[in-house]
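Below are structures written as structure tokens.
One chain, chain A, appears in both complexes that follow, with chain B as partner in the first and chain C in the second.
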Partner chain A sequence: MADDILRIRTPIGIDYTWSSGPGSVGYMRGLENGKLLGRRCPVCELVYFPPRNGVCPRCGVLLADEVEVGPRGTITTFCVVNVPFLGQTIKIPYVAATILLDGADIGMQHLIQECEAADVRMGMRVEPVWRDKSLWTPSLENIMYYKPSDEPDADFDVYARHL
Partner chain B sequence: MALNRCAVVGVGQTNHTSCRADVSIAGLVREAVDRALLDANMTLADIDAIVIGKAPDMLEGIMMPELWLTDSLAASGKPLFRVHTAGSVGGSTAIVAAQHVMSGLHKRVLTIAFEKQSDGNAMWALSVPLPFSMPVHAGAGGYFSPIIRSYIRRSGSPSHIGAMVAVKDRSNALKNPYAHLHEDHWTLEKAMESPMLWDPIRFVETCPSSDGAIALVLASEDVADKMPGKKAWVHSTAMRSEPTMFAGRNQVSPRAGEMCAEDVFRKAGITNPLKEIDVVEMYVPFSWFEPMWLENIGFAPKDQGWRFVEDGVTEMTGKLPVNASGGVLSSNPIGASGMLRFGEAALQVMGKAGEHQIEGARTALGHAYGGGSQFFAMWVVGSEKN
Partner chain C sequence: MRDVAIVAYIEGQNTAATSQTPVEMIVPVIHEILKRANVERSDIDFWCHGSCDYMTGQPFSFVSAVDALGAWPPIMESHVEMDGAWALYEAWVKIQTGEAETALVFGNGKSSAGDMNRALTLQLDPYVVAPLWPGFRALEAMGARAAIEAGTVTERQMAEVVSRSLRDASDNPNVLAYGYRDPDELLDEPMTANPLRAHDCPAMADGVSAMIMTTADRALEMCDRPAWIRGIDHRIDFQNLGLRDLGRSNSAALAAFHAGVTKDKVDVAELHATHSHHEVILAQSMGIDRSTTRMMPSGGALVANPLMAAGLARFGQAARQIFKGNADRAVAHAAQGACLQQNIVAVLEGN
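The block that comes next holds the complex of A and B.
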């Protein structure tokens, strides 16, 4: 018997091919051109950004009209991440916020900077800071982060139903 | 549709710990199985069918362990069935096993749930960046922390409630020899000083990462009636699901959870859960979920769950003891955690919970949730036939 070898570490990697499907193409092309494009459900009329699979999860129908949302939004809630982990790409501590973009009906996740973590608030108004245009890809990472837009905070009642 | 009766006649679990380097997944699972069979006074040869469950394979990095378990579970010539519902899987696995009996298809069913977290890296597996999104996501804590912040804001809860639940569960775990964490040094003051990991979630308010397994033996009424030992009769089971994300979703108190609770109580003939349920084993991986689920399940009015915690209602000496075993906050072999709730609920009504037994427990609720609070599984078990 080998000398007490109980465990070995064997890292495994997987490369994926992503098929965006017609539902997300508009969203990705929009990002490539600096536009935030969501889609409206023809039944409940709510606007999804990102439009995910191109389907309204409530109504089960294809999302329809493209709608430009943002660029500003409201922080509905957030987490201050102090935990290091394998694969982390952002220096801790950082604020991961749920941002309800103006004109959208569901929040999306992004980073908050140019502001102390302790000063981030529910209801805080924020605006995007874009990467240099030459670096744009079809990704939400074209926005480096959101920063306070120095508007007055949104009232709790305005975003409470999005929590 | 009339269902046949089903009883839990055997419960076996491993001692949960951070790393069981001495056994493979198969060895860990077999340890729980042997204990459950011993408790039921059966052998693997007596078992008609096997239902297993565990969390997503990426958490351990081992794909389809069921392929590898068929031999260690002596499953040759028997149905072996795997259930997937993320973190709630332990609960839904026990329910599927109970349905094997209630349908009349099988008389003796073995059900098992497990996780060997030390074989993989769950934090990594739950933080994989999604294409074309901002990679801010940081594990389960990163997902649930904003929802907890929403609960605190909505309910007006004071900030020490999460710490109170953590101190309670860690103290309860001292009475459970199988629990992973046996920490006797926590006071509310010390808990409040515990560092923020995913603000507003403190370190002490977070579940550990555990290796562990649990197995239950379920039997039909005719089989159970002939057995001398104590049984837990399954009075009702329920499962509900909803999408993780949709516009206007109540993420603090998902509708699927409310519906699941309404269904499990209705089927058990329970009209006043707070009065009729003696003990609860609830899936609380982050301590704030105790007050949140108290409201979602219907034990507490909306925005008042934290008052139950503050008033000691959920302590072992309270009106509604929650997680006398120490709960997920004291042991978290993820895939097993839901079945541990179901099994601990059964142990309570069998009067076999040992030092953490709640005297006179006759009716108990086992609860599990999974995904982004997207899958719910519950059962009500009783010391008497329903």
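The block that comes next holds the complex of A and C.
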């Protein structure tokens, strides 16, 4: 009887086809082969890693030349995560940092491990720790995390305009 | 009221499925439209964008579209979760209020990213309609059925609209469907959503459309024969489908009345009729005589329907008829929602 229906479940779901776009193909193929490839803006010459939809947002033009960046970089800012939350896969406290890869002009987010959270600092030099090569896919997840590279800290001037 | 004109219009290449990201699709169109009006980015004092996040399934995807504009130094921009024609309306209001002089308006959509028949369902009433997943094709079929039963539209008229649209599309390089099909032949095809046949439904596309609008001070610098917006109005029917007669569009009639459509002859009409019966319903509601007005010389949205760009394209295509001197007075129309729920109507004049 219709009168008995108090509620119904109607799950919502749509499948999408996502394409990386030609501007990001090199970036993804690079990761698949253990290389970090960004792209340079032909106008302002800034190097983007990742190449953000293949476009320089500052100039509104398609990015041009592919540029290999990193693999080492400098921590520009960071955050120590002390709060447990649903779905958390890493033991707290841990550090999420913005890393300016050598040769890149925008920072990217990654995890910092193999050091105490209290030791992480602006200017700290880091290097990637890759997953086993047999597990590589066209994804930044090929890098499990970054760890201290034991080089001297970078001068503030080096990353001052990337904060 | 300030005199405002459309001075340039550009479409990106419509494709059935592009591998580009929406942002990559937009960039070259923005470059081209600036070149067409012979202006610099700094000449644009308002940017307005129309798109729909449900189409690509990326929340706030419209924010990434700003990457395509070169927003440094900062620009004044806005976005509508609607077809680009609604961005045009916002820009027109912005210019009327004196906050802007020259606006760049664009709409884009990547219909190939998902099943648009389902995705558009999410725009319906979220409590009692969307959870039933009616699908847009079925809703438009209900509208067509209602119109046929009311005697407003016949299946033959629908076939004639399709036949003419396909023929006109042969002269437009930016379409996905074209050719010479006799109405009798079209009527022999099977129905896909009774009473709609496959050709009564639009050729879905990925595409971008963009235009520049400005005031009387600068219009003649940017265009030899600007398309002056002499009247424009936007009206909405109930969102509740059960409270509407789906075989007509009261809001289109009201918008046309207030835009002044019937004050003089209409040389050309570009109506956003995504389904063949829409054209007949809209012309009747808006007071357009289809025997004396040149209907959709571009082929219309039936032959290329880049969602969220196709409505703005009607304004652009109507403006082109003025630019070229083919028309002195044109009507442009865009619709959104199920069964012509929302309608914008404008009258464009060459003088």
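One rule holds for everything that comes next: the second predicted complex is superposed on the first by the 144 of 163 C-alpha atoms of A that agree within 3 Å, B and C clash if a C-alpha of one lies under 4 Å from a C-alpha of the other, contacts with A are read in each partner's own complex, and residues count from 1 in each chain.
Following the convention adopted for this analysis, contacts are C-beta pairs under 8 Å (C-beta built on N, C-alpha and C of every residue); 3 or more make two chains touch, one makes a residue touch a chain.
Quick caveat: nothing in here was measured; it's all calculated off a predicted structure.
In the superposition on chain A, A:8 makes contact with chain C only, not with chain B. Using the contact criterion defined above for the overlaid structures, shared-chain residue A:96 touches chain B, although it does not reach chain C. After overlaying the two complexes on the shared chain, residue contacts for A:134 are found with neither chain B nor chain C. By the touch criterion defined above, A:19 lies against chain C but remains apart from chain B after alignment on the C-alpha atoms of chain A.
By the touch criterion stated above, A:58 is placed in contact with chain B and with chain C alike. For chain A, the partner with contacts to more residues, out of chain B and chain C, is B. With the contact threshold set out at the top, residues 12, 16, 18, 24, 52, 56-58 of chain A are in contact with chain B in one structure and with chain C in the other.
Contact residues of chain C toward chain A in the complex are 18-21, 23-24, 27-28, 30-31, 41, 54, 56-57, 64, 66-72, 112-115, 118-119, 122, 130-133. Taken together, the chain A residues at the contact with chain C in this complex read 8, 10, 12, 14-24, 52-62. On the side of chain B, the complex with chain A involves touching residues 21-22, 61, 121, 123-124, 127-129, 131-139, 141-142, 145-147, 149-150, 153-154, 195-199, 243, 245-248, 250-252. Per the touch definition, chain A reaches chain B in the complex via residues 6-7, 12, 16, 18, 24, 27-28, 31, 44, 46-48, 50, 52, 56-58, 76-83, 85-90, 94, 96-98, 105-106, 108-111, 117, 122, 138-141, 143, 156, 160-163.
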